[in-house]
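There are two complexes below, and they share chain A, which is joined by chain B in the first and by chain C in the second.
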Partner chain A sequence: MSAAASPGKADTVMRVVEALLRQSFLLVMLACFLFFAFYNGAFLSLGNITNILEGSAILLVVSLGMTLVVAQGGIDLSVGVALDFGSAFAIVAMRDYDATWYVAILCGLAGGAIVGLLNAFLVVRLSVSPFLATLGVFFIGGSVQRIFTHGGGPISFRRLPLQYYDIAVGDVFGIPMKIVIGVAVLAVFYLLLERSLFGKRFHAIGMQPSAARIAGIATNAYVALGFVVASMTCAIGGIIASANLRMFTPLAGNAYLMQSIAAVFIGASMHPRGRPNVLGTAVGVLFLSMIANGLNLMGLDFNLKDALSGIILVVALVFAIAQRRLKH
Partner chain B sequence: MTSLAQSPLAGVGRLVRAVAPSTPLIVFLAMFAYLGMASSNFLEPSTMALVLKQSVPTVVVCLGLATVVMAGGDDVVVGGIDLSVPATAVLAAAIIADLVSNHAMFIGYALLIGVAAGVVCGLVNAFLVVFFGMTPLLATFASSTAFIGISKVVTASRRINVGDPLIVWLRDGSIFGVPAGVICACLIAAVFYFVLHRTRWGLNLQAVGGSRDAAEMSGLSAARFIAQSFVIAGLVGGVASAFVLARGSGWTPGTEENLMMEMVLATFLGAAFSPRRIVTLWGAVLGAVLVSALSVGFGSVGIDIFWTGCIKGSLILIVVASAALSRKVNA
Partner chain C sequence: MTEPTGHILQMSGITKIFPGVVALDNANLAVREGHIHGLVGENGAGKSTIIKVLAGVYGRDAGEVVIDGAAMAAMTPAHVHAAGIRFIHQELHLVPHFTVAESVFMGQELQGWFGIKSRAMAEAAETFLKETLNAEIRGTTLIRDLGVAQRKLVQIARALIDNKARIVVFDEPTAPLASREIDQLFEAIARLKARGISMVYVSHYLGEITSICDQVTVFRNGRDVGVIEAIGPQDTGRMINMMVGRDISDLYPAKAHAPAAALLRVEALGDHKHFDNIDLEIRRGEIVGVAGLIGSGREELVDTIYGLRQPAAGRMLIDGKPVRLASPAAAVKQGIVLVPRDRRQDGLVLGMTVADNVNLASLEDVSRAYLINRPAAAKRADALAAKLDIRPRNVDTVARLLSGGNQQKVVLARWLATGSRLFILDEPTVGVDIGAKVEIYRLIERLAGDGAAVIVSSSDPNELIGLCDRIVVMLRGSIVANVDTATTSLDALIALTTGGELHEGAVA
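And then the complex of A and B:
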C-alpha cells in the first residue's frame, strides 16, 4: 500500500527485510541446533546425528510426496492413509500369501496407488477441492484400517524375509539403508520436479492452472499423476516403517500429516518466489526431525512433547506464510 | 471414443448432472428408509428424542462453522472455514473437566474459564488468517492440532469423569418434558439467528461473505468481520464444551475426530437444503440433526462402530462432490 508513495525506497526496504527473513529461518534452525547442543552433549555425537538422519527418512519421503501435490496447487491430507496402506499391503502379502520381499514391496506400492487413484478420481473427475476430497479419504482410510484390524490392533510378522528387514536395518558400504533410500528418493524428486520439463509443467499447473491448460498441458492427467505418485511415495515410507517395526501399525501414518505440511511450507518460505521446492522441503524435514530429537533428549513428558511440537508446527507455518505475504 | 459410444455417455452425463444437486438428499432419504425398515424402533418418539439429545454438541459447533463460512464466503479453498471448532470445544472441555474434577472448582467459574479459552483459540485463528494471511483451511487445521496437543497436556490423555450436577442436568434434565440440552441448543440457535439475520452487524457480515469486493467498496472492512467470525466460532467452541462434557459424562481423549467429521458433514449437507445451495444456519442445524439420526440409527441396526468413519467419510465426499458438480453445471 505505502509502496505507491515512494516505490523505490519502500522496495529496497522490503527487499532487505525479505532477504533477512528468508535467511532468518536458517538462523532459527542454527539457534535451535546450538541450544540442543549446549543443553545435552549427546545431541552432537555421531550416533545421534545418524539417528536424526535415519529418523527423518520416513518424514522425508512423505514430505516429498506432499511437495509434489502442493507444487501442483493442491494439498493431500491422506498421506498418512497412503503410508499405512503401503505398510499394511506389504506385511499382509508376506504374512498371509508368502510373498517374496520384492513382491511385498510392489504390493505396498500398489496399496499407496489405490489411495492416490481415489484422490485423483475425486479431484479430477468429480472436481472436489483437493482439501475436502483428501479429508474424506483420510476419514475413510482410518475407518478401513479399523475395520480390517478389528479395532486398530497392530498386525505383526516377526519372520520377515531378511532382505525386507534390511530395508530398515541394513546398510550400503556402512551407510544406513534408511538414509540411502531417503537420499535416493530425494535425488529422483529433485531431478523430476526441479530439473526437468516434466517438473516445470507441475509448477506451471500450480501457479496458473488455466494458463497451463491454454499452453497445451494436459492438466487433468498431470494432477491425477501427481496424486498417484505422491501416494506411492508415501507408501515407500510405510514400507520402511513396517520393515523397521516388523509390523503394520494402523493409523501410524497420521503422525506425519501435519509435519509434512509444515516441512513443505517451511521449504517454500526459503524459496525466492515462495514456491514449494524439493531442497527446501528437505531442510524443513531436517529442522522438524532435529526439534523432535532435541525435545526427546530433553526428557520431556510425552504429552508435553506432543503439545510443544504441535505449537512449533503452527509457529513454523506462520513464519513460512507470513514471509510469503510480505512479498505481495 | 467414437461418436457412436459418445452419445449414450453424454446422456448419462446429463442425467448425472440433473440429479447431482439433490444426490445428498436422495442418499440420506434412502438411508433413513433403510434404517426405518431395518430397525423397528428407529421411528419411535424415544429414539427421536435420543437423536435430538445426541445432536446438541454437533448443532452448536455447526453454528460456529456456519458463521465463519457466512463471513468468509463458501469457497472451500479461499473462503471461510473453521475446522478447529471441535478441537476448541475439546480443549475447553479438558480445562473445565480438569478444574472441576481435579481441583474441585465451582462449575460456574470453570465454565467461564473454558469459554475464555475458547475465545483465545478463536483469536489465535483470527490472527493466523487475517493478520498473517494464512488460508483458513490450513490455519484452522494446524491450530486444531495444537489445541488437541494442549488438551492432552491438561488431562495427561486420561479420561476425566465429570459428575457435576449442572453437567448431569444438561445430559439428563428436562423442562416440561423437553431435554435440557435441546432447549439450550434451541436458545443458542435463536440467538445466532437474531444476531446474523436481524441486526445490522449480522447483515454486514453476510454481505462480506456474499461478495468481499462489493462489501469493501461500500465501506465495510472485510478483515474485521472475518476476524470477528473466527472469534465467535471460538466462543461457540467454548460453549459447546459444556455439551461435549454432558454427552460424554466427562472428557474422553479422541472425541474431536468424530465431532469434526459430523460438523463438516452437517454444515455442507445443510447447504443442500438451501435454495441457493449455500451454507445457512438452519441448514447446518438440520444437517446436524440428520447426521446424529444416522449415527443413532446405525447403532440401533447394530452396524460396527468402526464403519462410521467409512460411511460418514463417503457421505462427506458425496455431498461435496455433488455441490462441486452442480456448480460446474451452473458455471
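And then the complex of A and C:
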C-alpha cells in the first residue's frame, strides 16, 4: 500500500514482475525442457518429439472440449464417457454392421453427441449444476459400458478398414495423422472460441450468465450447444484411440478427465484475466505430455510421475496466483 | 497554524497517495463542536478516503489531524476510538442470530460473578435505545427479526453505548431505508445533537444534507472545494455546481421530443402474483415513467415486458401485431432493450472490456463469416465511446474498472449499436454521479427525439417528473394513475405512489 518515492519507476518494475509471473508457467516449462534435454540426449531427438506430439493428440482434443465447457461457466466430468462412447459406437458399427470407415466416424461422433445431449438436458432443462449433472452421466456412462461389455472386457476388431486404421497410423506429407487431427481441431477451436462471435458469447455466459442473458444472448441454447460440441470433440479422441488399438476399451476415457481439467486451468492461469483459453490449454497439454515423457526417459519409477507432475503444476500455479495478487 | 475556537475536529492538508492515484490532495475538513457537518461529493471525490484516514484505516502521507485541540500523531483504529470518534458504516456488520443486547454490548459485555449478565444487558440496551434514540426495541430480540431501520439503530446504539462518543461519523446511513424509516433515523440524530455530540454526515442525498446539516464541506477531485455555512434547501443548486465544478443550470433537458404513433401496447397483462390487469401504451418518441414503491409490481412488470418473466394473462402488441416474448433474446429481436436496475450483476459483463460489452448484442455487424473483424469492432466501440463520452476513453479497459456512470453509458452504448426501438430503463441513474446523470438524461431525451419509445422505471420522483411526458403509477400490482407530468407536482406524485397515505409493507 505504501506509495514508493517515484511511482513511474515502481510501475515499470511492477509490470515486468507481473509479466514474468504471468509467464512463470512457460518459464517452469522451459526449465523442465532444458533439464530433460541435458539429462538425456534422446529427449531432443526428432523421434521423441514426434512421440510427445502424437501422444498429446487425444488429451489435446479432450482438453479442448473441456475448455469450451469451462469457458461457458461449467465443468464436464463426463469427457471420458463421451470418449468411450465415440470409440464404442465406431467399433461396433464396423464390427457388427459392416459400416464403412466414414459412417463409423459419424457413428462415433453420434455416440459423443448422445452424452452431450444428456448433459445439456440435465443442465439446461432440469437446472442441475454442471458438476453434478456430468458427475451423474459419468457414473451412468461407466455402468452402461460395463453392462454392454458384460463386465468391462474390450471389444476388439482386427479387420479395421484401412482408412479407419490410418486415423491412428497414417500420415499427411509425412506428418503423422494424429498430429494433423490434433492441430486441425486446435485450429477450429481457436477460431471458434477466440475469434468468432460465438466465442464471445460463450465467454460472456461463462463470466456473467445473467448479464449475457439480458444482453439478448440465448444462453440456454449456447450452454446446450457447448455441451454437445464438447462431447463430440471428446468422441474424436475416442475414434483416434479405437483406431490406434483396433479395439474399444471400456472406461479408458476416464484417464483423461483429471489431465484435461489440469490442462484447462494451467491455460487459464496464463491468461492476463485468468480465463480459460484455447492456446493456454494447448500449452497445458504439451506440458503434461512433456513431463510424462521426460520422466519416463529418465527411467524413474512410473508411479512417481503423477507426484512430480503435481508438484511442478502446483509450483507454477502458485506463481500465477502471486501475479494476480500483485495486481490488486 | 491558527486554530479557530469551537472546532472539535480539524483535518488539514491531508494528502493520501495510492500507487498511480492521488486520492486526497491537501484536503481539509473542520467540524464544529455540537454541529452536524455534511460531507458531499461525487464518487471518487475523496469523501470515503478522508473518512478512512480519520478512522485510522489508511495512513496519511501528509497533513495534520487535531481532535479537541490535541494533535494526533499516530492514528490506529484503537487511538481513534479512544479519542471518542465512532463510525456508523454503510454496511450493518451485525450478526443475525445475536440478540439486540449482545450486539449492542459486543466486546464490552457486562460481567458478573457468574459470567455475562444477560438480563442486565438486555435491560440496559432497551433503556439506552429508548432514551438516546427513541426506539422501542426489546433487548432479547434477535437481529435477524429486525427490519433494516431498527438494525441501523442497534448499530448506532453499539457505537454509543459506552457514553464516550464525541464525534459520530455517518456514512450513507439512509441508503437502505424507506422514507418513514429515514424520519426515525433523523429523530435519533437530533437527539444525539441535543446531547452535544458532534457529527459528520456523508450522503449522496442532497435533500437530507440540506435538512439536517449545519454546515457542509464539498469535495471534488481529492480536495475540499468549499464550505457552505448555515445550509438550507436554497443551497442545493450551489452545492451541485461545486460538486461537479461547472454550472448545471438545469438537471433535466428541455422536452423537445414529440410523441408519434403507438409502438407497444400492453393489454390486461398480469402474472396473478405481482401485478394484474395492466393496460399501457407507449408511442414512438415518447418517454413514459413508471412509478411505484418496492413491491408495487413495477419491477416485475418491466421484467415481463422484456421477456425475463412470463405473463399468466393478457397480451402485448408491437405495431399492432401480437408478440410473445419468451426470452430477452426474443425481445431484442423485436428492438426492445433493457437497461437493468442491477447494473453490476445484469447490466454488463464486468470481466470483459468496454469494447466487448459495447459490441456484445450486435456482434454480427462487426463480423464476417462469423469471425469478428477486430479493427471494425474496435472502431465502432471507439465511436460510441466518443459519442457518449465514456471514460477512460480506452475501450480496452476492463468494464469493472469504470465508475457507475460510465458503466451505465456502456450499457446504453450497447443498445444504441443495435438500433433499438423501445428502451426500457430501470433505475437508470442509481449509483451514478450528478455529472454523468445529466449526460444520461440528455441521452434519454435524444433517444426520444430520434423517435425511440422510452420507458423509465424509477424510484426517484424528481427524475420521473423531470424526464417523462407522463407517468403511470403502480400500487399493489395495479396502475392507479396515469398522469401528465406537465400538470403534476412532486407532492402529488409521491402521494399517488404511497396510496395517499402511509401504509405498511412499503419497506425497502
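Everything below uses one rule, namely that the second predicted complex is superposed on the first by the 282 of 328 C-alpha atoms of A that agree within 3 Å, B and C clash if a C-alpha of one lies under 4 Å from a C-alpha of the other, contacts with A are read in each partner's own complex, and residues count from 1 in each chain.
The criterion applied here is as follows: contacts are C-beta pairs under 8 Å (C-beta built on N, C-alpha and C of every residue); 3 or more make two chains touch, one makes a residue touch a chain.
Because the structure is predicted, anything quoted here is derived from the model rather than measured.
Colleague: With the two structures laid over each other on chain A, which partner does A:Ala42 touch: chain B (first), chain C (second), both, or neither?
Modeller: After superposition on chain A, A:Ala42 lies in contact with neither partner.
Colleague: Report for A:Ser309: first if it touches chain B alone, second if chain C alone, otherwise both or neither.
Modeller: The answer is first: A:Ser309 touches chain B but not chain C.
Colleague: One more residue to check, A:Ile261. First (chain B), second (chain C), both or neither?
Modeller: first
Colleague: Under the stated touch criterion, which partner chain does A:Arg195 make contact with: chain B (first), chain C (second), both, or neither?
Modeller: Second partner only.
Colleague: Which touches a greater number of chain A residues, chain B or chain C?
Modeller: Comparing chain B with chain C, the partner touching more chain A residues is B.
Colleague: Output check: A:Ser127 vs chain B and chain C. Expected answer is one of first, second, both, neither. What do you get?
Modeller: Touch partner of A:Ser127: chain B, not chain C.
Colleague: Do chain B and chain C land on any of the same chain A residues, and which?
Modeller: Residues common to the chain A contacts of chain C and of chain B do not exist here, since the sets are disjoint.
Colleague: Show me the residue ranges of chain B that touch chain A in the complex, using the header's touch definition.
Modeller: For this pair, the touching residues of chain B are 76-77, 128, 132-134, 137-139, 141-143, 145-146, 148-150, 152-153, 156-157, 257, 261, 264, 304, 306-314, 316-317, 320-321, 324-325, 328.
Colleague: Quick one: which bits of chain C touch chain A in the complex? Just the residue numbers, please.
Modeller: Residue positions touching the partner: 17-20, 59, 61, 306, 308, 327-329, 331-333, 337-338, 340, 345-352, 356, 359-361, 363-364, 367, 370-372, 398, 414, 418.
Colleague: Touching residues of chain A toward chain C in the complex: what are they?
Modeller: 1-4, 7, 10-11, 14, 191, 195-198, 200-201, 203-204, 207-208, 210-218, 220, 273, 275
Colleague: What does chain A use to touch chain B in their complex?
Modeller: Touching chain B from chain A are residues 75, 77, 122, 126-129, 131-133, 135-140, 142-144, 146-147, 150-151, 258, 261-262, 301, 303-304, 306-311, 313-314, 317-318, 321-322, 324-325.
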